[in-house]
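Next, two complexes with chain A in common: one pairs it with chain B, the other with chain C.
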Partner chain A sequence: MNEAEEKFGQVYFTILGAVALAFGAAELIASAGGGFTWGILDSSGATDPLFLPWRAIILLSVGFFYLSSVKDFAEVHQLAKAVMASIMIWIVAGMAIWTRIASSIPGEETWFNSLEGFLASYAPPYCPEMFLLPFSLVIVYYIMKEKEGEK
Partner chain B sequence: MQVKKGVVKVPLSVDERWDLIEKITKQTVEFGAYKHTLKDAIAELTVKPLTGIPVAIAVLYGFWSFFCDFAGTLFTDGFMVKIFDEHWLPWLQSVFPGGLGDPLYALMVDAGHLENGVLVPSDNCFEAFGVLTSGLFVPFGVVLWAVLAFYLVFAFLEDIGYLPRLAVLVDTVLHKIGLHGYAIVPTFLSLGCNVPGVMATRVLETRKQRFLMITLLGIFIPCGAQIGIMQDLVPELMGWIFLTLAIGYLGFGYILNKIVPGESPEIIMDVPPYRMPALRNIARKLWIRTSRFLLVAVPFVLLGCLIVGLMYLTGAMDWLASVLGPLLMVWFGVPKEAVAPLIAGFLRKDLAVGVLGGLMERGVMTHFQVFTSVVLLSIYFPCLATFALMLKEENWKEFLGSLASLVVVVFVYGGLIHLVGLMLGVA
Partner chain C sequence: MRSGKLPLKAVAVTIMALVLMALSTASFSIPVDAHMPGAKAPPAFELSPIVITDDGTEVEITIEDVGNYHNERMKEFKRDMLKKQNKTEEEIDKIIEKEFAGSTGICPCSSFAFRAALLGISELWGDEIPERADIKFITRRPTPGATQCLQYITGTGPGVPDVKSKGELQMILPDGTEVTDLSVKNLKKYMVDMNLSNWNIVIIRKSTGDEFEVQVKEGVIPEGFFELRKKVKVEKTATPEEIEEFRTQWEAVRDAFLTQPDWELFEGVEEPEEEEADVVGGAIFFSILVIGLGLLVVLSLRVRVKAR
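After this line comes the complex of A and B, so read on.
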């Protein structure tokens, strides 16, 4: 990875880490009050109230991982922290998507959902991790760069 | 000392063995600068406590979310409940000879329940309690999907190489209870089915460790059958139930480790590199574990249904409830209606949880009473299949020790939960 890429990575993941920390703190505070939904942002605890603080702890860790990775970002151990943070987002966001897939297939009264019901399952609001998911994918570029360097 | 063909063989001491290893290593291994790859760095991160614990928290979140949605939302609630409650149960109720009140009908299809003094048919397979209704719904409608989901993720984590890292992470904690990191394998396997969990205790070195592990598995680890039904009936209590069981697992493990004589040696763990999972491996493991569950557990569910049904029909359950009722009600703080399902839980814990869920829906039990009862069901008497395997894996002395621990734990822990409830004003 060249110097410009390293610099960009440092700035980008500092911002992403700060946003993840803010989301994590918001979820932690929200979990004390049973969660909230604000516009297209959903911070409610689904079926189990322990899910929300659990997610908050993960998001806070993601924030710390990203922020601690930016110093000497090109060094492999530092980059690994950012990779791990992204993987943690993929796990939580992936499960949020999986929840929607699982609930979109069967219908309420019928065997399978109607097309409208199916599409409605994917409508907002979304949990914070879903918003972070596309931004976390930038790490794939850095993984590929690192792999090239290893060869 | 061994003498063979004139050569005297003297066993090496531990220090001598290490010296020999060093000599061989010097002659055979080349040392040089090694540049860590990204994979190496990630592997390191997942075993260091500061970074490994948050990763483990995320992995367990993924594990649990997948389990709930695959087994609960998609298969059980999405399709199986419809098949069994809307088609299978009404069809059986219409074609099975005898009808409500007939002993054979009650045993095989639906025992019904009293509403304002009138016997009415059940509208779901959980409450019907027949061999052909509850007996089939529990293993095929609920448990099969829970076990499948559980073993699918377990095989995936095993195959990519995460499980040994989790073992390293929990090694320090498990040493406090006389075990080591690899005890996480039987513990996790037991969350699917206790039977392979008990068999997996063979990875532990000493008899003391195996005794500790089998006892803790039998008491504190609920199987997939129970988890599936708990998740379906009392999802809002799951977090608290698991927290209570985890505290019991570590607390009583610590005490047992102090009481039980024997050794708990250190081991060196082999941590393989991360690898891409092989679909073929995962499919094979999934098939072996799930088919074992179906072959071992399903006959016991059907047998349990039959025996519980017979006990209700012959009045044996009412007699047991009247004898044990006062003790259970006073000591554990459960209502009279919960005594029979708690006793039935000796044979089928999952069915008992189903009945307790029904009592909660009808307002007979409070949330705390259901919570106490579900924890009690989890910690007392393992299912018949596990019980049989414990007899095979332990000697008589150890087996009786496990049973004694179980009785003590049920009364002490159940009483403690009731006491906490009283102090918080919720019992």
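After this line comes the complex of A and C, so read on.
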């Protein structure tokens, strides 16, 4: 990892960490107040209200991990923190995506959903982790760089 | 000759006995409503309860609670009436048992009042749970079913269980007459001529002064219902066909209040717009998901190939 890449990683994951922290705080407030849906962002916990406070704790942890990883970002232990934060996002977002896939196949009163119903089940709103998911994939680049460096 | 007559008699007696037995069994098996003998049981329905707080305690009032209360009050009224006719306790019990067999107390009036209260409370309090003492009803319907339903909710009726605080119930008929004695005996005087304007209840949130009027839509009550009711219930001049016709209409009105949505029953209630499924948004996300997964597979394959 060269200096420019390290600098970019530091800035990028500072922003991502701050965003994750903000989402976590919002989810924490939402879980205390019964949840909210704002545009395409869903913190209502409608599908699983008991998981909402856990999601908030996970997001706050993600934020802390990212932010604590930016100092000496090229160092492997620091990078591991960012990898850990990304994996946490992948697990929660993966669960959310899997829930959608599983519920999109059966129809309400039939064995299989209609095409319209199938596509509609992937419609917004989405949980914050799903928004963070694509941005968290940037860590894969740094993992590969680290691997190359080892060689 | 003798031996030929005896079996005939025996057959006739047996048939008579069988017919009598069948009739008596039928009278027990047909669900009979206290106010409309021979009425069929209502269809399956799902009505949420009215939830209020009474001095801090949450109380759930179901239509079944209201029906039972109405039933008990009507039995008491009947008992008092029969006592005045010098019937013995045994006779009274028998008559009441027969007349109220299978009755649920859920009649058009009690179900109308329940639905009106349910709607009014949700309109005025939204997601909040109203305090019983904060509820006021002004009813235009002088029937025992509607009145006792509202008495049960406000806790103002005799024998309503677990009442700590009371709401308010006022009866002002469409012509402006205020009825203060809400006993069944007194209400009978005002039940002679009724029309659609009597299917009206005003719900008031006392603490804010906000009110919501519930008026039954035209068409909910079948044509000729009021005339038939007068003939059957008041003048008692109806033919058996008219009684049967009224019974059918009575069941239809009751069933409508138990099963139909608010916007089909009451004036000024708009049908909620069905949210259109966001197929485009879903399709975009699904495409991104498929492309993302495809890239992931390609990437992992390339990594493997590179590793070899």
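Assorted remarks:
Criterion: the second predicted complex is superposed on the first by the 149 of 151 C-alpha atoms of A that agree within 3 Å, B and C clash if a C-alpha of one lies under 4 Å from a C-alpha of the other, contacts with A are read in each partner's own complex, and residues count from 1 in each chain.
In this section, a residue touches a chain if its C-beta (ideal position, glycine included) is under 8 Å from a C-beta of that chain, and two chains touch if they have at least 3 such contacts.
Note that the structure is a prediction, hence the values are computed from the model and not measured.
Clash-free side-by-side placement of chain B and chain C is the outcome of superposition onto chain A. Applying the stated contact rule after C-alpha superposition, one finds that A:122 touches chain C and leaves chain B untouched.
Judged by the touch definition given at the top, the superposed model places A:97 against chain C, while chain B stays out of reach. In the superposition on chain A, contact of A:54 is made with chain B only, not with chain C.
Set against each other, chain B and chain C differ in how many residues of chain A they touch, and the higher count belongs to B. Of the two partner chains placed by superposition, only chain B is touched by A:77; chain C is not. Chain B and chain C, viewed from the C-alpha centre of chain A in the overlaid structures, lie at an angle of 60 degrees when rounded to the nearest 10.
In the superposed model, A:146 lies in contact with chain B only, and not with chain C. Contacts of A:2 after superposition: neither chain B nor chain C is touched. Nearest C-alpha atoms belonging to chain B and chain C sit 8 Å apart in the superposition, given in whole angstrom. In the superposition on chain A, none of the residues of chain A is touched both by chain B in one structure and by chain C in the other. Residues 277-279, 281-283, 285-286, 289, 292 of chain C touch chain A in their complex. Those residues of chain B that touch chain A in the shared complex are 35-38, 40-42, 44-46, 51, 54-55, 57-59, 61-62, 65-66, 68-70, 73-74, 77-79, 82, 235-236, 238-240. Only residues 40, 97, 116-124, 126, 134 of chain A touch chain C when the two sit together in their complex. Of all residues in chain A, those touching chain B in their complex are 47-51, 54-55, 57-58, 61, 64-65, 76-77, 79-81, 83-84, 87-88, 91-92, 94-95, 98-99, 102-103, 105-106, 111, 143, 146-147, 150.
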